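Chain IDs A, B, C and D follow the sequence of writing; residue 1 opens each chain.
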Amino acid sequence: MSGTHKLLVANRGEIAVRIIRACREMGIDTVAVYSEADRTAPHVLMADQAVPIGPAPAAESYLRGERIVEAALATGAELVHPGYGFLAENAGFARMVEEAGLTWVGPPAKVIELMGSKTEARKVAVEAGAPVIPGLNDPVSDPAQLEAFAAEHGYPLLLKAVAGGGGKGMRRVDGPDELLPAFERARSEGKAYFGDDRVFVERLLVRPRHIEVQVVADAHGAAVFVGERECSIQRRHQKVVEESPSPVVDGALRERLGEAALAVTRASGYRSVGTVEMLMDEDGSFFFLEMNTRLQVEHPVTEMVYGVDLVREQIRIALGEPLSWRQDELVPRGHAVECRIYAEDPLRGFAPSPGTIEHLTEPSGPGVRVDSGVLPGGTVPLDYDPMVAKLVVWAADRGTAIERLRRALGEYRIDGIATTLPLFRMLVDDPDFRAGRIHTGFLDRLLEGERAEALRRGPDAETEEAAAIAAACLATLEAGRLPDDPWAHAGERSWWEEGLRILHGRFPR
Amino acid sequence: MSGTHKLLVANRGEIAVRIIRACREMGIDTVAVYSEADRTAPHVLMADQAVPIGPAPAAESYLRGERIVEAALATGAELVHPGYGFLAENAGFARMVEEAGLTWVGPPAKVIELMGSKTEARKVAVEAGAPVIPGLNDPVSDPAQLEAFAAEHGYPLLLKAVAGGGGKGMRRVDGPDELLPAFERARSEGKAYFGDDRVFVERLLVRPRHIEVQVVADAHGAAVFVGERECSIQRRHQKVVEESPSPVVDGALRERLGEAALAVTRASGYRSVGTVEMLMDEDGSFFFLEMNTRLQVEHPVTEMVYGVDLVREQIRIALGEPLSWRQDELVPRGHAVECRIYAEDPLRGFAPSPGTIEHLTEPSGPGVRVDSGVLPGGTVPLDYDPMVAKLVVWAADRGTAIERLRRALGEYRIDGIATTLPLFRMLVDDPDFRAGRIHTGFLDRLLEGERAEALRRGPDAETEEAAAIAAACLATLEAGRLPDDPWAHAGERSWWEEGLRILHGRFPR
Amino acid sequence: MRWVIRTPSGDREFEVERRPDGLFRVVDGERERLVDLVRLNGSLSSMRCTEDHRSWKVLAHREGRHWRIGLWRGDVALEVLSPAEAVEAESTAAGSGSATVKAPIPGKVVAVKVAEGDAVEPGQPLVVLEAMKMENELVAERAGTVRAVHVGAGETVDAGTALVEIGE
Amino acid sequence: MRWVIRTPSGDREFEVERRPDGLFRVVDGERERLVDLVRLNGSLSSMRCTEDHRSWKVLAHREGRHWRIGLWRGDVALEVLSPAEAVEAESTAAGSGSATVKAPIPGKVVAVKVAEGDAVEPGQPLVVLEAMKMENELVAERAGTVRAVHVGAGETVDAGTALVEIGE
């Protein structure tokens, strides 16, 4: 019953689960690695083997490349899949994997290096004939350079940590007053998270859309694009909702986007699945932003619309197999939307909300997919990215997909930690979102307005009334168990509540 | 926030949940009806309103049409959706609904009546030019007729209760000795379940495939077919696994099947979604079997392959809207397989296994859909059909779909009741199933052979060893809590187990 | 039993009685409802109003008097109080002139942006806290004057630790 | 602690000891394993063998000495016995010459196909029981002679009710 190959997943959470699922379906055995905080995490439970690699902090576990390579060698895994985040775009780790005689499930190390440098990637794009946004070609060493650039191109500007990604180390600058503090903050975040305090500057489009093109290239010179994703719903430059296709991309524009993305892909010597990110202006013109040399968080929307399995394909390509599809076989059908469920409290400035998941009900049924990294009773550790799951829906068109999303959000229940679910329940009713009138500043603006107040107020009056009645009945039910004092304070809980509490406390989860 | 329409679901279990989900996505309010056994069933929890209609036995609740109509009138529902089973093919109920001024989500009562009679349906098919299987045109009143038919066409024969369906009231006869007892049994089951003891006889194809064609017709004269489903994996004439497309149907054969099905659909004056069932011989010739004038249990495989929502379409058509698709827009993509999860014990002759679901983990991730009618902690009542959920997977091709099914079955855990999950885990490894070499007697034959012994033995040696180690550790852990006697008998459980047991027992579920 | 339910849109008072048949009689002013509420697995309940047949799947989470009720259209945060407690809570809330800004999560203080005596406006950054790979700015919810600063940059704090006091 | 684990393919004996570090030392003949088993929510546990890093999600369901362990590749039914119990259980099973056919589920007896004194073959129908809309034939699992019939057609029976006794 053992597979013919064995793959180590150098990641955790939902993406580790996603990769293990793909391996199961390919008959490939899997090895998980885990930190002390993840001893009983879902990816550990699902993998065929699991190897501890260090204490909770990522810097001492999931970022320790040499321990991960050791684990692969110890278990006989020949493939290493990095997922996204952690070491996924670390050329040094890719090289370390290959030097150990293992197969890296991703592009060659030198391509990661090339496209990981914003300045080099920009040069590749220019040479490939893809449009790029105005900006300085080299990192800013002196604030005076910033001022000169601002004088030439005007505000707003965008400061980006050279090694940054996923919204970390990015700062918007709206005027001269903000220039220096933003520069300091971008440098400090770059240093703290990526060990690199160099910062890059470019013109900021005022209401741009974030459109990205999925590309796949094999080791035999074939490459295709698999449509685009619209990732404009962001918060603090962090994607929150993604969809495919984009509401503003028609067939002709899709061709042009795809050709530009493929030109960059080919020029970089790419091999594996990857993503070319573009910024699109309100007039439909687009600019190369960067290339993500890895699997993307939001890959499921493309999978649902194109009927492909990108993780499977990525592993096939790493094994040297040829691309499964010709370009003309990749035909979009319907519309998919993904919501990233974060353990963050939208009512408290999106403060991270780690803790124990006391209740979990996931939606299912037609057109609904949940890629989850948590179990009921499990904990969301403080040490890692707070994304706990992705809810992805598909339907025949965008309007129906949004209605389906509303239905799925209604079924979705996570209790014990705060999540971004209430935000999404509000979003599906927003007229601008429903009409597809979105841009990268959309969500931040939405949360400033009266909708934020609505979020705080909670659902409609009828729902509030039902909740009040339910609470009154449940309070009566619980009070009935304590004849003397209806109120259960800490030390006065009824015996069964106490038993349950102790039961839960006794077993590490 | 209220919808513009309100629909009553005259059913329970997973199909009631499926219909409520479709309504949610269409902005239609929902009314559930329920028996005493279903006071806290999922469909009751999900609907906007819920009306009790009687005690547990179906004959006193879900089959009481007049109470259901009363419930619709009392709650202001204008639409009634019957699901499948119960009153779905009861023309009298359809008529009662329409006479009360409500809208029936299904074909006109007279079409239900026409196609519900096997003899009339056969005449319609003959007139429409569809091939039919040799058989007597009228019910058998005298065993002598049976003997005469057998003398002319030979054995095996099939006896079918006139009003039967879903495998109830069907008997295979292999020789003269079995003729009379089988006739008696078919009559008695017909009488018991459908109140009609008339029985029909026809030639039985020896290793036929059961292929059915999904049709959809609107009120404006348009009709399309949405590919075929292969339903050959059956047990006692009850479908267990269905897939789309059929492994033996190519484009040309699909056209011929579709045209025959549409001819019958048009000739019957059909309107709504419906299914034309065909038997296919080993040489690819096919015969009209019957028409199911309702939504089919296995509709999700068609939905996943064609990217359509059949329940939504059914409701749209009942509201008088035109068909959403032209025939040429209905293009199949990939392959879908459905497993019906029954509360039955495959190790004890598929004996029904009602009870409380103590643990439930449903699979998810790419290409997996679960249409479930149960909740963790919920009960499976003895009074109704034992199907608790449907697991449906989609992938780019049949082979990959089967690998995905294996992965999903591995993730699926239902504890507290016996289910058919172990059967499916065995099936995905069967070489004949994997090669698509299936027929309607396939499963019964499979279960006679050494595979049945494998089912009894359980999974492979490595898994058995892991289970033994787990049990030894868990037993030690539990024994450690009872210093005197390591064995926890009923009265000697450790305090927290007892607390948990009482906690569960105290609250009705 | 009498309860004051404090919802985002105001207080409501209910008289609730469990009848021998297991139904709850819920009286709200002149309106009387019969409610069929059954506790299921863990925090899950089913609820139905017998008059209008409205039905809900209820997920209830309780911490002392604070409840969160999850229904199909979203979650509602409530307080459930006895009538006496309601009066008492009212007067406490009204009388308080100062607010304590607490750490919503465990984390590391990256920067403190205010000092004792500073005047602050609503939305003004007070403390930057790092947790879960993000820097989180804690801002003033109301205008006032900083009465005390309890932490310094570099300190690690637990959830609930008082960081800054703001008075009038 | 010593356990005999009775699996479908035979008995295995384990000596299990919980070490101060929380790991389980499991000795099976000459082979020794260190097992990291953690109980999670309800019936769920995680398990890992430290030597070969094999890892499992374990769902355990127990009724007295009978356990069902659910793993990724399927469920395994086991008995967990003390060495003394294992010897005792062995002798009971071997000594018994008769079998009682019980109703596996509650239902209604539709027909009784055998009478006292009949010789039966494995697979021969004994009783037809109706439940959940289906007629279910209960068949003889072994050859023998019907020693007693405890029910008649039309009777409603509970799960576990003895229906027929078959002897040698």
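To be clear about the criterion, contacts are C-beta pairs under 8 Å (C-beta built on N, C-alpha and C of every residue); 3 or more make two chains touch, one makes a residue touch a chain.
Keep in mind that what you see is a predicted model, and the values were worked out from it rather than measured.
Chains that touch both chain C and chain D are the following: A, B.
Dropping chain B from the picture leaves the other chains, by touching, in one piece. A separation of 38 Å divides the Cα centre of chain A from that of chain B.
Our note on geometry: chain B versus chain C, Cα centroid distance of 46 Å, whole angstroms. Chain A and chain C have Cα centroids separated by 30 Å.
Annotation for chain B: residues touching 2 or more other chains are 1, 410, 460. Shared contact sites, meaning residues of chain D that touch two or more other chains, fall at 39, 42, 44, 54, 56, 72-73.
The touch graph of the protein chains shown belongs to none of the named shapes.
Under the contact rule defined at the top, the touching pairs of chains are A-B, A-C, A-D, B-C, B-D. If you check the complex, the residues on chain A that touch chain C are 168, 185, 189, 192-193, 236, 343, 345, 348-354, 358-359, 361, 382-386, 410-411, 413, 415-416, 422, 425, 456-461, 463-464, 466-477, 479-480, 486-490. Contacts from chain C toward chain A in the complex involve residues 1, 3, 5, 7-9, 12, 14, 16-18, 24, 26, 33, 35, 37, 39, 42-45, 47, 49, 54, 56, 58-62, 64-65, 67-78, 80, 82, 104-107, 130-139. Contact residues of chain C toward chain B in the complex are 36, 38-42, 44, 46, 48, 52-57, 72-73.
Remark: chain B residues 1, 17-18, 21-22, 24-27, 300, 303, 307-309, 311-312, 324, 333-334, 362, 364-372, 395-396, 400, 403-404, 406-407, 410, 460, 462, 495-496, 499-500, 502-503, 506 touch chain A in the complex.
By the touch rule above, chain A contacts chain D in their complex via residues 1, 31-32, 39-40, 44-51, 74-75, 375-378, 507-509.
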